[in-house]
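Pasting the structures in now, so scroll down.
The following pair of complexes shares a single chain, subunit A, combined with subunit B in the former and subunit C in the latter.
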Partner chain A sequence: MSPDEFLPILQARFPEVEFRLDPLNPQALKMSASGVPEVFSWLRDAPEAAMEYLEFSTAVDHPPDCLCMVYYLYSYTHRHRLALKVDLPRQAPTVPTLSHLWENADWNEREIYDLFGVFFSGHPDLRRLMMPEDWEGHPLRKDYSHPNLTPRPD
Partner chain B sequence: MMRQFPANPDLTVEEFELNMGPQHPSTHGVLRLVLTMDGERVVRCKPVVGYLHRSIEKMAENRTYTQVIPVTDRLDYCTSMTSNYVYVMAVEDLADITAPPRAQYIRVIMSELNRIASHLLWYGTFALEVGATTPFIYGFRDREKVLDLFESTCGARLLYNYLRIGGVSRDLPEDFSERMLAFLDEWEPLIREYEDLLDENPIFYNRTRKVGFLSPEKALAYGVSGPNLRASGMARDVRREHPYAVYPELEFDIPVRTEGDVFARYRIRMEELRQSARILRQCAEKLPKGPYLEPQPLRMVLPEGETYVHLESPRGDIGCYLVSQGKDKPYRCKFRTPSFCHIEVFQHLVRDCLIPDIMAICASFDVVLPETDR
Partner chain C sequence: MGLMDRIPAYVDRLPGGSVVMAPVDWAINEVQASSMWYMLFGLACCAIELMATGAARYDFDRLGMIFRATPRQSDLMIVAGTLTLKMAPRVKLLHEQMAEPRYVIAMGGCTTYGGPFYHDGYSVLKGVDKIIPVDVYIAGCPPRPEALINGCLAMQEKIRRNKLGQPRGPAIHIPPTAGRFSIPTGTAETDRNPQIPG
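And then the complex of A and B:
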């Protein structure tokens, strides 16, 4: 199934969650944060979706006020892929964890917490993964600054 | 947790913490394992990664699309060609460029040669981990010959920076096919020799059979891919699942085993060596003439958009998620690396194992730390 085939099914199943196609990414659907984690749980378990594989999750920083979570799901059963994008407020980005659905979400979310500062509610062990524990700031944010970080000359 | 020692009630036993690494010979790079031990048995294992974090994703945001290619070399130093490839593939997908057929073949040749080089390096170090020294010499001896082929093609032996957006940086040397076929003729019978060194060795057998069992369900939930997934009974390979480049025109098998243990992961890689040789022979035969590069401007501007592409690296499913905002630099460039998932699953497999088993299990996953930390 492609995202435009998923769209009506998901809209019918989760009327309270907003879904729309993403004009920039033909593999993706945009959804509101209220659907996490129920939509994911359904996508994993429903036989027509069967997304048993979380390829990765990551975030993209869009200053000044949006931070976008990106999840890439894949089904080996049906060989289809779906990306879900969730916009979060950049000042205090919080989203429920998916680590109870896919085990590899655990470290993916720790990395996102570390590098983007997204807080995952319900995560069993939310610590920094890449940076030292006492590091300040979240390096992959666009406005991150550090004395050793200078723009590359053209 | 304190408890009484069953054999002698006057004594108490308690769990203790043991640090393995970050500088440990069996952790292939810089991986620290915090082990909670009950006597000789592992109760918990917490890997600590990030010692090799070079912020490759942040660096990519600061460079033009062409300048990112040498950075991807450093993603995984054992298989730079496939790291180059996945990034170049993402850019080409966004810019809607198709590399000329000759370049597609050259890329496949390079990926498969790199798979051989990477598996040989793995074979040597894996055998070292379980206590056999000779395979290391064999593996490295033959890997050198593959590196010679790379050196004659792009001048580098480890970090190739060979692929370009729209093709490859230079054509193959004139006698490349002959030299590659000569190497294959000489080397392919040696795979049997590698296996003879380990397969029926009782020490090796006992240390690898039924150790580190990974079920297919667990493997999927943890995002395991590549040879490690195929050793757990799932015939999944990106080259088959989502064929890219010229793979649909080539004949090869996907080796699968169902045991899911260390031994199965070793056997899968040995079979993959043979399949890579088979692919290379077909490529040498079919390699078309023509241009090897469709030149692109050095400072190319990509249209606004996002893409995710992936391919089969020697370690598994490597992917690149690229976001462009219509500038000459990537807005976001995320690499999905197989080793990242493999370390995470590995911590759950070592429960109730002995310390020497940790090394065997860790090595059997072919984890490369620079790829985990990026």
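And then the complex of A and C:
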């Protein structure tokens, strides 16, 4: 199934969650944060979707007020994939964890928490993954600065 | 070297004392230079070149350099690769665990001044000499095994010039181009202000 085939099914199934096609990426759907993790749970378990594999999850920083979570799902059964994007408020980005659905989401979310500062509610072990544990700030934010950072001269 | 460093103070006072010290220095230096056992650790891509140097084609062993998997048995630390701020305290600890006399080679651009991470890099230590003293800097990203061997020969040359009770000579810079290293005299302006590439 392609994202535009998923769209009516998801809209009928979750009327309280807002879905729309991503104008930037034909493989992606945008959805509101209220659908996490119920939509993902359904996508994994429903036989017509059967997304057994969370390929990758990451975040994109869109200053000044948006931080976008990106999830890539893949189904070995049907050989189809779907990208889901969730816009979060940049000041206090919080989204429920998916680590109880896919094991690999655990470290993915720790990395996103470390580098972007997204807080995953319900995560069993939300510590920094890459940076030292006493590090301050989240380096992949666009407005990040650090005393050690020398800007490249133009 | 602790106690050994005090010997010249007594021997030099004796008539003909310096004649005694010269062969002692020679013997100590020759032993140290001929068996520089380096610590087995690598941090990034420079470690691949270090492994290549240790393998059969370049044959590090012929310089008397054998890797040791513990700092207690190592004389030389080859810091091979990008040193991140997270790793820096561990490397400093390893250096402290090595017994004197201990020597350090900074291999490649990253350990010399931060390398490609100098600009716009927040997580990389810009020069390993910020935390531990360095004897030889080798330019390159990464340096070829020939450059590393060149650096180790310079290290041996530097050790052969050691004198008991006197401080170690200034750091040696191995240029990125092929060619023989030059031992700094400590007088030229280039010795004190070496040009950092990049």
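Everything that follows uses one rule, which is that the second predicted complex is superposed on the first by the 151 of 154 C-alpha atoms of A that agree within 3 Å, B and C clash if a C-alpha of one lies under 4 Å from a C-alpha of the other, contacts with A are read in each partner's own complex, and residues count from 1 in each chain.
Following the convention adopted for this analysis, contacts are C-beta pairs under 8 Å (C-beta built on N, C-alpha and C of every residue); 3 or more make two chains touch, one makes a residue touch a chain.
Everything numeric in this text was worked out from a predicted model, so none of it was measured.
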{"item": "Side-by-side fit of subunit B and subunit C on subunit A, or clash", "value": "fit"}
{"item": "Subunit B versus subunit C as contact partner of A:131, first or second or both or neither", "value": "both"}
{"item": "Dominant contact partner of subunit A by residue count, subunit C or subunit B", "value": "B"}
{"item": "Subunit B versus subunit C as contact partner of A:139, first or second or both or neither", "value": "both"}
{"item": "Computed vertex angle (subunit A) for partners subunit B and subunit C, CA, steps of 10°", "value": "40"}
{"item": "First (subunit B), second (subunit C), both or neither touched by A:119", "value": "neither"}
{"item": "Subunit B versus subunit C as contact partner of A:14, first or second or both or neither", "value": "neither"}
{"item": "Which of subunit B and subunit C A:83 touches, first, second, both or neither", "value": "first"}
{"item": "Subunit B versus subunit C as contact partner of A:151, first or second or both or neither", "value": "both"}
{"item": "First (subunit B), second (subunit C), both or neither touched by A:103", "value": "first"}
{"item": "Touched partner set for A:42, first subunit B, second subunit C, both or neither", "value": "neither"}
{"item": "Superposition-derived minimum Cα distance between subunit C and subunit B (Å)", "value": "6"}
{"item": "Overlapping contact positions on subunit A, where the subunit C interface meets the subunit B interface", "value": "131-132, 139, 151-152"}
{"item": "Touch list for subunit A against partner subunit B, complex", "value": "22, 24-25, 27-28, 52-56, 58, 60-61, 70, 72, 76, 79, 81, 83, 102-104, 106-107, 115, 128-132, 139-140, 151-152"}
{"item": "Residue ranges of subunit A touching subunit C (in the complex, touch as defined)", "value": "131-132, 139, 144, 146, 148-153"}
{"item": "Subunit A contact footprint on subunit B (complex, rising order)", "value": "49-50, 53, 55, 57-58, 62-63, 218, 220-223, 234, 236, 241-242, 304-308, 310, 317, 319, 321, 323, 331-332, 334, 336, 340-341, 344-345, 348, 373-374"}
{"item": "Contact footprint of subunit A on subunit C as seen in their complex", "value": "85-86, 118-124, 126"}
